[in-house]
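Comments concern the structure below.
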Amino acid sequence: MKNTMKAALACTTAMFGSAAAAQTMTIGITQNNVGVDSYQTTYERAFIAAAEANPDVNAIVLDAGGDVARQLAQIEDLIQQQVDAIIIWPTNGEAVIPAVRRAHNAGIPVVVTNSNIAEQGFDFISSFSGPDNVTQGSRAAEIMCERFTELGIEDEARVVQISGQPGYTTAIERQQGFDERLPEVCPNVTLVATQPGDWNRERSQQVMEAFLIQYDDIDGVYAGDDNMGIGALNAARAAGREGITFVGATNFAVGYDAMEAGDYWGSIYQSPVDDAEAALQTAIDILNGEEVPFLNYFDTPKITQDNMGDFTKPVF
Amino acid sequence: MTSPSPVLRLEGIVKTFPGVRALDGVSFDVRPGEVHALMGENGAGKSTLMKVLGGVLAPNDGQIYVGDAPVVMTSPQEAKAKGVVFIHQELSLAGELSVAENIFLGELPLKSFGRVDWQKLYADTDRILKTLNVSFTARTRVGSLSIANQQMVEIGRALTVDPRAVIFDEPTASLTDAEKVVLFDVIADLQASGVGVIYISHRMEEIFKITDRISVLRDGQYRGTLVTAETDEDKVTQLMIGRSLDLSRNASQHQMGDTALEVRGLSCGILFEDVSFAVRKGEVLGFYGLVGAGRTEIAETIFGLREPSAGQILLNGLEVQITSPIDAIRHGISLVPEDRKDQGLVLGMSCRDNMTLPQIGRLTKGPFISDRAEIAIFDKYRDKLDIRTPGWRQTVGNLSGGNQQKIVIGKWLSMHPEVLIVDEPTRGIDVGSKSEIHNLIRDLAAQGFAVIVISSEMPEVLHVSDRIVAMFGGRVMREFTSEEVTEDNLIQAISGIAANA
Amino acid sequence: MAIENRKDMIKQGGIWVFILAELIFFSMAGHYWSVSNQAFMDPGNMLLLLKQSAPIGIIALGMTIIMINGNIDLSVGAIFALSAVVLLDSLSWPFMMAMGDWALPLAWGFALLTGVTLGAVNGLIVWKTGIDAFIVTLGSMLGFRGLVFMYNGEQPTSNLNWTLVDFAEAQVLGLHTATWFLFGTALVLWFVTTRTNHGRNAYAIGNNRDAAVNAGIRVGPHFMWNFILIGFLAALSAVVFYSESGSVNPNDGMLYELWAITAVVLGGTKLAGGYGSIAGTLGGVIAIQLLRKGLGHIGADTQTVNLVIGLILIAVLFLDRQLTRKGKEELKI
Amino acid sequence: MTGLTRQNLGTIVAKQGILIAFALFMIGFAMVNQRFIALDNISGVIRSSAILGVMAIGVTFVVIGGNLDLSVGSMMSFSTIVVLDLHDKIGPGLAIPAMFALTLLLGAFIGFLVGYLKLNSLIVTLGMLSAIHGLTLTWSGGKNMDIADKSGTWFSFFGQDRIMGIPVPILIFAFLAAVLAMVLSRTAFGRKVYAVGGNGQAATFSGIPRARIVFMTYLVSAFCVAVAGLLQASRSLGSQNTVGQGMELEVLAAVILGGASLMGGSGTVFKTVIGVLILGFIQNGLLLAGLDFYVQYMVTWAIIILAVWLDIAAKRGHLWSPIA
């Protein structure tokens, strides 16, 4: 039964232009939630552009809309369509593991992009391509600590944190990196509160408004990305509170502008274009039989008011 | 006549609500094979009594006997199990379900695992339908039946048990005379099989036609039981309201003016066809016919609520185009609709707000509604129509039916219409208010309004109309002047018999 | 009568005609636009379609009977998430760990019990307070979601159990486990709505609640049972889905209520209650999944999918309205 | 007679229950945390509630008219994105009216479907929730919208400035609430909205153009959404596509909390505003008390159920539902 079906599949595949497919590789990607913020949108565009620029690549670009069930369905569809490689931007770093295993069992290499899956799934993926979010969190802690030291308040500063969407791997990892690193570099700085801002500028602004009232003394804000950081900055500005050090991650254009204006201290420079191109290249390399590192991090350097001249303004 | 022991007996039933003694020692009995009328004005305590009898409310004092056994009713189901069944006034059917499922609603015959025993259900239903002598089957969807047939389904429900007493609550409210005949046959059959029937109605002629005894309630108190054959309407009315009611033909003859509204060859799809009539200023034109004869639909078409497929409407001799109630109102036509609660009033709004609704756009001062103008209108018509309400703020839903109807009439009078159409002016209104409304209609005509009255009650039509249009099956069968009309020729006309005459 | 029957047929058959139209469209369009080499109507793809319909489908089937009642349940997404949390978390309780694979059915039991309990809470409030189900479940949608967060902070709850995954991924007679559950649920609910006292009462209550009360149908408990049923089904959906995925985010299941309602309405069930069918809902669920899959197949992006699904919903409502119109002489109210 | 007074008491509690609850909450929170009743906190809460509040006022019209509007969240995203995008393209002076026109167009479309075509509002607005989200993404291409020159525009006036020390959003919120409260309670249009929602058929029989009134309620709602979008855009001068997502249910919760019946025909602007403030202060109070954000979910749940329960219990005179 199964065999006849497979044969039938093979036939249809053969009929629909396998001649052209001889050289080209079909790569499917299922993304987390395009359109929820500029990063993801820019990522998708860069991915499509990169795929189109490469005549050997046929890309199937899908978007899970933030829904795990839809993402699993898309992975199944891609396996069903017998693509050559699958790139996954997981909505949930653990929930996709069984689906990844199925792709693996079907002989399709899987590349995880942007936000890694949990360790249990490492056996089934060929590579992770993306930023090292724990390191990003640590670096943000370092940026913050260095700034406090400059300002001479490293022994008394109080910090609040606005984290990303609850349950999202990137959010968890950045928070983890920050939480762990901060006491190491600045043991006397207190992290007084953490609330999620859901990657949402408006939500973050509300959270910050409450923080400002709750705590008379806030010296620093760490936001899980610049989008939320700007929300927090807006809240502080509206309340007339000055002298707060804002540090974010994933430097958005708004964050870059605010840095230029001197309102925002620092962030982590992470380009969605690099992210997308790295993911596609990783997949291509694997299909070409090249050796790729298992954790294929692309570099995400610190950016602050001091060194921002070295970076071009983000396009998103 | 020896009185056999009653099937149902109430003794000293008392029911109090906080601050109100709704029932104050009510006692009467129903004998097997008897039709026992229960009468009383709205608010006299009939429905409270029925709720006590049906186990919906627990009495504070008194005792109910079924046969000779004292019983305590705790739910409608228990009442039914003891052989006391109700036929409710408001049709309570589920339109998407079959006739059989409706008849056995809440007590479908079951097999294991809660499965419905369809075979038994249909067989039992067929048996019941046979005794009712109806044309539809057990599997017919109830929503596709006529109102009269739906009423039959409702009656069929009472027959799922061997009833000892059946209570009919205003069963003829939406039935026409022909349909009533069928209903009365069913009641006669029940009677013949020794069932006691309690018959609640406001309609005297029915009461005198089919009942054996009449018990009367007033203000929650039992006022006595009369033997129907030995009494007359006057006595019953006096017992109910403490005075008598005039339902004779109207005598007042006043001057009539020119034709106000004329309708020529008006048709609306299958609802009615080629209807022509005219009504003069100062005249009351009655429309009489079976439910479904197309009377209400004509009124709705004239009022712009339906799109006519042919015909003309002329006001004061000039043809007018009416495509919405707004047009109709602008041309001076008003409609007091048949269904007061659904069409006449916004029950949650105050008396005043309801009354000024059609002209609210005109009662403004600058951008805002003028409170003073509104209250002035309300006060004027409250006095004129003798509307009894604690004040304009009173929510209309809390008023009695008669006062509600007066609010609707006041609403339209305040628009100074030329033509006033009143559809079923006294439906669900108690006897006392009825005559007030009848007088009001006569008065309005006397003041020069052209009035069209649509009614399913023959005495009412005969009482208020100067001329009567008899309708059948969407067509005008005959027009009578008040001199020509008799009960007999009117019944013939609306049954379609006159068509051949 | 004849006209009525025909309209009824159009109404009930409409969703299947729509599905057919989608299949034809996507097959043809896929030929031109798809980057994939695979035909859209490939049998394997169709089997996947059924499987992928299951998570929303099982919930939508339960929503059908709720909506036949004239109620609505907005909290199913949150029940789905909380049941999933219980399922996965319970597997890591010490005594459960000690039981080995025997813990799996027990974990299922705990999750289903969670759904039943939450459903009962909704049902009890609707029954005892008499508050409209829309408001009750709007509230509990928030409240239950709060419980999800409370259970495990903002962290995902995970427990990847390969035995469970293998069971969930299995295919019997070509159908996936999830598909069997979808069909099983549909069959049971079809039986309940058309053959049992409870099901017929559901229609009676939706049609005319006062009549049902008068006829002695205990409307309150009836509602409660249906809320328990949909709670159970939301949990069942979670159990089937998370057995295969092994991790639940606290935000999972958001908007599922809206998708389920969309499917039920597409399937012809009336919001006012009293009318609707399980078969129609199954059609509605498949139609939505087909649309998503098909739009993905021809390379449409997220915004197009949103736009199309929204407009189709409105179009279906419009068509239904046209079918139920009585014609020109209808009262203009 | 005692029964009557008791009933009156019940009615008073029901009518003012929401205010009593509000007062109790304020006192409770104030006792836990002094900061809660600090003027700047109160002003902060009202300011951040302004956007929700403005939308809730519009939805109040729709709900009193007997319908629902689940599309306001997604429509607010649309207005925000559109005005931000147009700001840099055609300047704020033109962008604002253009955004209002487009938002009103969407409102008109929904109003047409629900009012004139008589389609079920729950499903129509559910469909529009999805469709408008698609429209917004198409407009923005999925990108965040940001005003390029943030310090050089007067556009920030609506969301960030103060007049006599009072934040402009609060002034706009208060002004709109006052005007629309007058419209609802004192004008013929308002009366017609109550009539149409209270009993649409009776309204038609009284010569009220039901379809047009329903249509207008959606225009009012869309207008309020446009104002909310303006406040939102001006406040942060940049936005994500998802900015209003999920707000439809918060808005509805506020309206219900204010005591408007989903059956239509009852509710007031004032009570809705109270509903909005309750939600705002709860959120704020719980944050100040150091509780996690999700506690707020459960508190909101309890409050909605209790408020509505109290309301209908007083109306029927029994705490427990009579349904068996």
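Labels A, B, C and D are assigned to the chains in the order they are written; within every chain, residues are numbered from 1.
Convention: contacts are C-beta pairs under 8 Å (C-beta built on N, C-alpha and C of every residue); 3 or more make two chains touch, one makes a residue touch a chain.
Keep in mind that what you see is a predicted model, and the values were worked out from it rather than measured.
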- [ ] Report the connected components of the chain contact network with chain C omitted.
- [x] one piece
Open item on the list: On a CA-centroid basis, which chain has its centre farthest from chain D's?
Closed with: B
Task: Between chain D and chain A, distance of the C-alpha-averaged centres to the nearest whole Å - done: 34
- [ ] Could you tell me the distance, in whole angstrom, between the mean C-alpha positions of chain B and chain C?
- [x] 45
Task: Cα-centroid distance, chain C relative to chain D, in whole angstrom - done: 29
Open item on the list: Where in chain B do residues touch two or more of the other chains?
Closed with: 75, 305, 324
- [ ] Would you mind listing the residues of chain C that make contact with two or more other chains?
- [x] 149, 153, 302-303, 332-333
- [ ] Would you mind listing the residues of chain A that make contact with two or more other chains?
- [x] 34-35, 196
Open item on the list: Judged by the touch rule stated earlier, which pairs of chains are there in contact?
Closed with: A-C, A-D, B-C, B-D, C-D
Task: chain D residues within the chain B interface of the complex - done: 1-4, 6-7, 182, 186-188, 191-192, 194-195, 198-199, 201-209, 265-266, 324
TODO: Write out the stretch or stretches of chain B touching chain C in their complex.
DONE: 75-77, 80, 86, 88, 90, 92-97, 101-102, 105-108, 110, 113-116, 144, 157, 268-271, 297, 300, 304-307, 309, 324
TODO: State the interface residues of chain D toward chain A in the complex, per the touch definition above.
DONE: 35, 38, 40-41, 44, 47-48, 137, 141-144, 146, 150-151, 160, 167, 232, 235-236, 238-243, 283-284, 287-288, 290, 292-293
Open item on the list: Can you tell me which positions in chain C touch chain A when the two form their complex?
Closed with: 35-39, 42-45, 48, 51-52, 55-56, 149, 153-156, 158, 160, 165, 168-169, 174, 241-242, 244-252, 255, 289, 292-293, 296, 299, 301-303
TODO: Flag every residue of chain C that touches chain B in the complex, lowest number first.
DONE: 1, 4, 195-198, 200-201, 203-204, 206-208, 210-212, 214-217, 274-275, 327-333
